[in-house]
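Going in written order, the chains are labelled A, B, C and D, and every chain counts its residues from 1.
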Amino acid sequence: MTPDLSVAVGALKLRGPVLAASGTFGYGTEVPLLERRSLGAMVSKGIFLRPREGTAPPRIAETPGGMLNAIGLQGPGADALVRDYAPQWADWDFPVLVNINGESASEYGELAARLDGVPGIAGFEINISCPNVEQGGLYFGNDPRAAAAVTEAVRRRTKLPVWVKLTPMVSDIGVIARAVETAGADALCAINTFVGMSIDLNSYLPRLSFRTGGLSGPAIRPLAVHLAHQAARAVRIPVIGIGGIARAEDALEFLVAGCSAVQVGTATFVNPNAIAEVHDGISAFLESRGLTSLADLPRYLPRD
Amino acid sequence: MFVIGMHGPEIASTVRAGQFVNLGWSPGPLLRRPFSVYRSDGEHIEVVLNAVGTGTAQLLGMDIGEHVSCLGPLGRGFEIRPGIRTAVLISGGLGVAPMPLAARDARQAGAHVTWVHGARTAVELCSETEGDEVIWATDDGTEGSRGTVVAAAPQAEVVLACGPNRMLAAVAERWPEAQVAVETYMGCGTGVCLGCAVPLKRGGYDRACREGPVYRAADIDWGALPSHLSYAVTR
Amino acid sequence: MTPDLSVAVGALKLRGPVLAASGTFGYGTEVPLLERRSLGAMVSKGIFLRPREGTAPPRIAETPGGMLNAIGLQGPGADALVRDYAPQWADWDFPVLVNINGESASEYGELAARLDGVPGIAGFEINISCPNVEQGGLYFGNDPRAAAAVTEAVRRRTKLPVWVKLTPMVSDIGVIARAVETAGADALCAINTFVGMSIDLNSYLPRLSFRTGGLSGPAIRPLAVHLAHQAARAVRIPVIGIGGIARAEDALEFLVAGCSAVQVGTATFVNPNAIAEVHDGISAFLESRGLTSLADLPRYLPRD
Amino acid sequence: MFVIGMHGPEIASTVRAGQFVNLGWSPGPLLRRPFSVYRSDGEHIEVVLNAVGTGTAQLLGMDIGEHVSCLGPLGRGFEIRPGIRTAVLISGGLGVAPMPLAARDARQAGAHVTWVHGARTAVELCSETEGDEVIWATDDGTEGSRGTVVAAAPQAEVVLACGPNRMLAAVAERWPEAQVAVETYMGCGTGVCLGCAVPLKRGGYDRACREGPVYRAADIDWGALPSHLSYAVTR
């Protein structure tokens, strides 16, 4: 008997614990060959209220076991999203959440309001790794009050599930986690990319035109497992683990460390079937251990 | 330059000139590496490469019979309409890669095909002689005419070019309607990461792996397209 | 002509910019085959005032492009260091700095006082990635005031060079960098390891007995380059770059990004000759670019 | 079990039974992998291994003629004094690795050597028959005596053992003076990282790569030595 891999993330029921991470699966429409049968949910590419061009190339650079990206949240804006993509999502057999971004708490709220109730949109993932333009460009995600303000602004404008995606470059992720839990988040996603830089020795300049970029891929996995675990210890709401997952064993590390589900990002670039393979691998693992459902997986989650 | 052949009937039978495949292998670098399809018959495809960095060095170190994961055909190739009479193929360095297929298609379309090869110096020149006529140009004059490949090329109805972005920018100056295959770094090759941004004259960015890698030369904002990609350095 | 690779880090003149990182070169006496000819300086294994046993095994775990370690600062204490190692160091042709640790600012100060003036000890590297026992176990390195207090406590007890080694897991490394500069540091070392975790799927427990460990190796290099660069932009004192350096090109990234010197850690485990190879590779690079000294290397260091 | 031979005259001519080499190769995992020296003549050394994880799988995938970086001989081997009359070698699973050299040295020292092989089941048993006498033991009795290798071993003046740490703990119960070669994870293999900590009865930790990997069985705090290293699982 195949083990039961369904999970509930708050009110949202998912057929499996392996989700597509924002910015690594486009709008789900790009690649017909991407295997979707076992996708738990998809988080769409990060979007702002208005269209954005994104940053100048080069936008990516390879690093040992990882990659840096500075896409600059290129996207068509809310209206085009509603017009071009949401109608397609409405027909799919898994939920699509929209990764939302803003330059101020009120802009996040406005965006949520614009998208709320649109058929095909099952919830929101708030990306708080954006610079807070009103506060001199500090990331929302570094400041518990700013993170909570964004969460509240979105929470007030929608009844749909609200997930908050945490920034890793903080000295205590538990503080931010608790702040956004209190502000009304239904789940946490941990984590977004780490800020990194790589230098081109021909030009003596950063490889990326934006100078810095976000590091993703297997290189960050041990850091991500730690941070997701710390977040899970700090809150009662579900935590979705993200960072460097390429194989079932990687996903299982996050699940054992206290996560309810996981998202796969960069691995999809390398292997368009990564999500299906991770899903199937988790199933095989549970079977090999005689477990009939994901809920029976032993967890390591000491509470402080 | 070295050629790697792969058994891949599905790709071989559908690939068009200018399209590419994205190669991955294990243990290898994290990201796949894109390569233009160089030749294809019904069963096999070939790519042409030099050992530039880790990825290409590892590929060239492989033995016959080893497996490579090959995603493709990807991207939009050259558009070669039937009935054209003259076509010029301009290639700099490893820009030869898409040209044998382009030459084949252009000849099938009825064109007289001239292939202009350029390199810094004679030893870097490719000896490929597909098409009806071949012209050589080297920066240092050690083989063929001295000077750029763009200057050496004759007029033609259709101009197809591939090579370092700097060379393509020069092509764009002379032939705004030329079809050029650009190089960018690529994250996914499948259109989902937006890593392969090509800056457009009309503003905004296209994806080299979907809308490209072949563009109308006049559509690209050449000043904003990086010309210093490490692998675009001709060696 | 071989390029001039000598550098001055504050008052300390070094024959080359490639140093051995604390905890990865022991006390310099372990391995006769380690190539020392081009070592700029050595930082000895982190030490406390009193002997420490360290943590129970397993202490290390491999991760993609990196490794986690939780050695627990095992060491013989100050007296044994002075008795067994310093006399050997006194005969060497490169300076040895001692990596000092404590549970309170005053303990750091005491340790510096005990070691100050001992022949063979050329300076101190303060490891502020230690839990501050008086403040509930928060790292000194996460709090600008605690970091400054430790720096001052050491500064008051010695005239020798005092370097401060920064923690990476902070939301703004510039703030800490400026705080310890003001407190009297002669140089900054950026960075120490990142906290990470890895789960053993057989036991459903962390691989390391200490549960978490410090991530080092190539995986962290882009993060380290970014943080060292940010630190260098924030201060006027020299910054020594650390993190994932295995080849000359890696070291050059840090040097171009504004560092005066670098330390090589994990790479020495893999290749006992790594430091010499990095040194020679920097020399070859400068020559290939027609540069006659390291001072002529172009730097990318925009000031805010 | 597979054997890999390497040309390494300096190591081959100086290695002692129980010492190890630390192998690295490119592209490979970040850290080197330690392997006991299995056999040596004046020019070559051999190691014995199974495909346990990435590292061993990659090693076994190599072709004749490929290069491996080999650091050694490392650690302290078995102490085999001249004049001993009887020696028992106890090996579980891949713990056979240091035994051929140990058998050679013990016989040179004048001892009658008995080698006791243990495994979970017959197919995992090693067929090595160095020494004067060989005894087999399997957990399931499919070959030789049923039960542990420790129970199957005869008395002797000198007992040398290698295998999963759990087995060595049983050896320590019966022969506190036995010399046992332990397994730990290793960062450097050269004594600088303190990663290979072996907990001691008298308190504190030793380095398996310097003071070990061979210890007097009674000196180790077996309760604190991990017995669940992934690669110590007999397969």
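We take it that contacts are C-beta pairs under 8 Å (C-beta built on N, C-alpha and C of every residue); 3 or more make two chains touch, one makes a residue touch a chain.
Computed from a predicted structure; not experimentally measured.
Participant: Which other chains touch chain A while also touching chain C?
Facilitator: Where chain A and chain C might share a partner, there is none at all.
Participant: From the C-alpha centre of chain A to that of chain D, how far is it in Å?
Facilitator: Centre-to-centre distance between chain A and chain D: 46 Å.
Participant: If you average the CA atoms of chain B and of chain C, how far apart do the two points sit, in angstrom?
Facilitator: Each chain's C-alpha centroid was found; their separation is 46 Å.
Participant: Once you find the CA centre of chain A and the CA centre of chain B, what distance in Å lies between them?
Facilitator: 36
Participant: Residues of chain A that touch two or more other chains: which are they?
Facilitator: If we look for residues of chain A contacting two or more partner chains, we find 61, 65-66, 217-218.
Participant: Mind pulling the chain D residues that touch 2 or more other chains?
Facilitator: none
Participant: For the protein chains shown, what form does their contact graph take: line, ring, star, complete or other?
Facilitator: ring
Participant: By the touch definition up top, name every chain pair that qualifies.
Facilitator: A-B, A-C, B-D, C-D
Participant: In the complex, go through chain D and note every residue touching chain C.
Facilitator: 24, 29-32, 69, 71, 184-199, 203-205, 210, 224-226, 228-230, 233
Participant: Okay, in this complex, where on chain C does chain D touch?
Facilitator: 23-26, 30-31, 33-34, 45, 53-62, 65-67, 69, 71, 74, 200, 202-203, 209, 217-218, 266, 268-272
Participant: Quick check: in the complex, which residue numbers of chain A touch chain C?
Facilitator: Residue list for chain A touching chain C: 61, 63-66, 68, 139, 142, 169-172, 194-199, 201, 204-206, 212, 215, 217-223, 225-226, 229, 244, 249, 252-253, 256-257, 285, 298-300.
Participant: In the complex of these two chains, what residues of chain B are touching chain D?
Facilitator: Against chain D, chain B makes touches at 27-28, 58, 63.
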